[in-house]
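Got a structure here, written out as structure tokens. Questions coming.
Chains here go by letter, A, B, C and D, matching the order in which they are written, and residues are numbered from 1 within each.
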Amino acid sequence: MKKVSYVEDPEKWLEEFTFSVRTKVRFSETDMFGHMNNTVPFIYFEEARIEFLKSIDAFQKESDPSGTIPVAADLQCDYHKQIYFDDVLSVAVKIHYVGNTSYDLHYLVKNEEGAVCLTGRGRIVQIDAESGKPISIPREIKRAYEHQVSVAKG
Amino acid sequence: MKKVSYVEDPEKWLEEFTFSVRTKVRFSETDMFGHMNNTVPFIYFEEARIEFLKSIDAFQKESDPSGTIPVAADLQCDYHKQIYFDDVLSVAVKIHYVGNTSYDLHYLVKNEEGAVCLTGRGRIVQIDAESGKPISIPREIKRAYEHQVSVAKG
Amino acid sequence: MKKVSYVEDPEKWLEEFTFSVRTKVRFSETDMFGHMNNTVPFIYFEEARIEFLKSIDAFQKESDPSGTIPVAADLQCDYHKQIYFDDVLSVAVKIHYVGNTSYDLHYLVKNEEGAVCLTGRGRIVQIDAESGKPISIPREIKRAYEHQVSVAKG
Amino acid sequence: MKKVSYVEDPEKWLEEFTFSVRTKVRFSETDMFGHMNNTVPFIYFEEARIEFLKSIDAFQKESDPSGTIPVAADLQCDYHKQIYFDDVLSVAVKIHYVGNTSYDLHYLVKNEEGAVCLTGRGRIVQIDAESGKPISIPREIKRAYEHQVSVAKG
């Protein structure tokens, strides 16, 4: 795996992922260079992110009564290995950082041979849908992060 | 132009289009067969449809106070000529039929050489966003259709 | 199920589907009207079409030595019931017609409650990638169609 | 403009962009949260990147006789201000770094009011399409970068 700025200890980093979804590269996601187009990983990241948030009860389909939604503050992706039509991918997600009004998620995409194809990260900010102001993140995120850290410590 | 079921008189049909938008085929809209992917025309149709509705004052960005939205009842596309990356296209729209709760739009896509690349059509139904029941279409659609017919008659 | 031009006997038509794939509506496939965008069904149709062709050994990833590819001649979709984020859909495909250089596929999309959400059809033409001329369709298509017909007859 | 890691001097950085393309947010690019979906900026970045490379004669539509293609090594985007349907955006690109086998492009997206909505960057590597090995980048990139630097110095 090539060096990326948001990963200090690659071996440890790779082991910390425990949640993933499976996806298959669609024909419509390829481009005329014959591989998966470079805009597609962010679709996979979003799909895995939402499934992860659902799994820890932290995803609200609609702005809840308090009227808050999660929005992307930033997103990044490193392309380690080319991906092709019909490749079956595992898209893994974990929480990397938790603040008061935002949190960071990290992403890892492997192919069926177990090769690292993509890595990524992004910050999510919880905002009030009307005012656009940052507000407290769902407590389920904090709980899931604490659980993740305690498991990692063994 | 090959024969399509929704066009009786091709020469007349082609002449009736007076509104169009210009678009350029994005790299991300190609696929590994080296041409524009077959799912893309419907994106162009939607873009042209909305610009057309805006031009006749019949597009509401958000469900208006009466809470109605236009939804697709059906859509079809005929592929006459292959389209490639970077092709500059004109996407034309016209009203073909107007009913009480629905209307038909027809589509024509030509490349810079003036060759017919795509034709299409689709019915739009105006519905009450909450109940999902069909309701009267905006009167601007009826007016635009009457105007179109009177212009065609000369 | 509302009446559509390409279905004569709805009950019989619905029963003839034996192949399907499962998909889940992505967040990025919704639009600001709060439902699945109307351009998305054609992505699902393509995904199911390719899986179907693979299942009968009639899909070549790359133009084979004889240099032929399948291209869409036309596509159409009827929207029967609104589809929302996170809906789990079954996307079924069957062969409806087989000619010398083209064939028709029909599509049926149901939600988890078994309700018909989308129906569709489209003609595929087999062409020589270089000349663009129609050529004989893969014999696997003809065989699969004959098999389908004989099964339907019981 | 909020602080981002790849911009040292925001005022200077903003001034260095001289190339941009115009785009309008499509309805199909929104999501059920009512704004542009977070996967869309990368489509705009690619569109602007290719137009930029074409403008300096450094884009080959097809792998040239020497068989090389540019591929994304990484991509990142910071979301500064929400973007909505029908927003008209200017998507600017500049070269930020030039190496032997790769180069960095920076991106800036503003709305019609001139507000910074998105910033981004990404490294492009020139590779041999068959072996996948990095090779020398087109000399047009180096020339354009030198020109850009000399202009900036005044």
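The definition used in the following text is that a contact is a pair of C-beta atoms (placed from the backbone, for glycine too) under 8 Å apart; a residue touches a chain by one contact, two chains touch by 3 or more.
The structure displayed is predicted, hence computed values, not measured ones.
**Q** Taking each chain's centre as the mean of its C-alpha atoms, which one ends up farthest from the centre of chain C?
**A** Centre of mass proxy via C-alpha means gives D as farthest from chain C.
**Q** Are the interface residues of chain B and chain C largely the same numbers on each copy, more than half shared, or largely different?
**A** same
**Q** Over half of the residue-numbered contact pairs in common: that is the test. Which of A-B, B-D or A-D passes it against C-D?
**A** Repeat of the C-D interface: A-B.
**Q** Can you give the whole-Å distance between the Cα centres of chain B and chain C?
**A** Each chain's C-alpha centroid was found; their separation is 23 Å.
**Q** Determine the centre-to-centre distance between chain A and chain B, using the mean Cα coordinates as centres, and give it in whole Å.
**A** Spacing between the chain centres: roughly 37 Å.
**Q** Based only on mean CA positions, could you tell me how far chain A sits from chain C in angstrom?
**A** Taking the average C-alpha coordinate of chain A and of chain C, the gap between them is 32 Å.
**Q** Tell me, which residues of chain D touch at least two other chains?
**A** Within chain D, residues 27-28, 37, 39, 43, 46, 85 contact more than one other chain.
**Q** Residues of chain C touching chain D in their complex?
**A** Residues in contact with chain D: 27-28, 30-32, 34-35, 37, 39, 85.
**Q** For chain C, which residues count as touching chain A in their complex?
**A** That would be residues 26-28, 43, 46-47, 50, 61, 85-86 of chain C.
**Q** Which chain A residues qualify as touching chain D in the complex?
**A** Within the complex, chain A touches chain D at residues 4, 33, 37-39, 42-43, 46, 63, 69, 71-79, 82, 129, 132.
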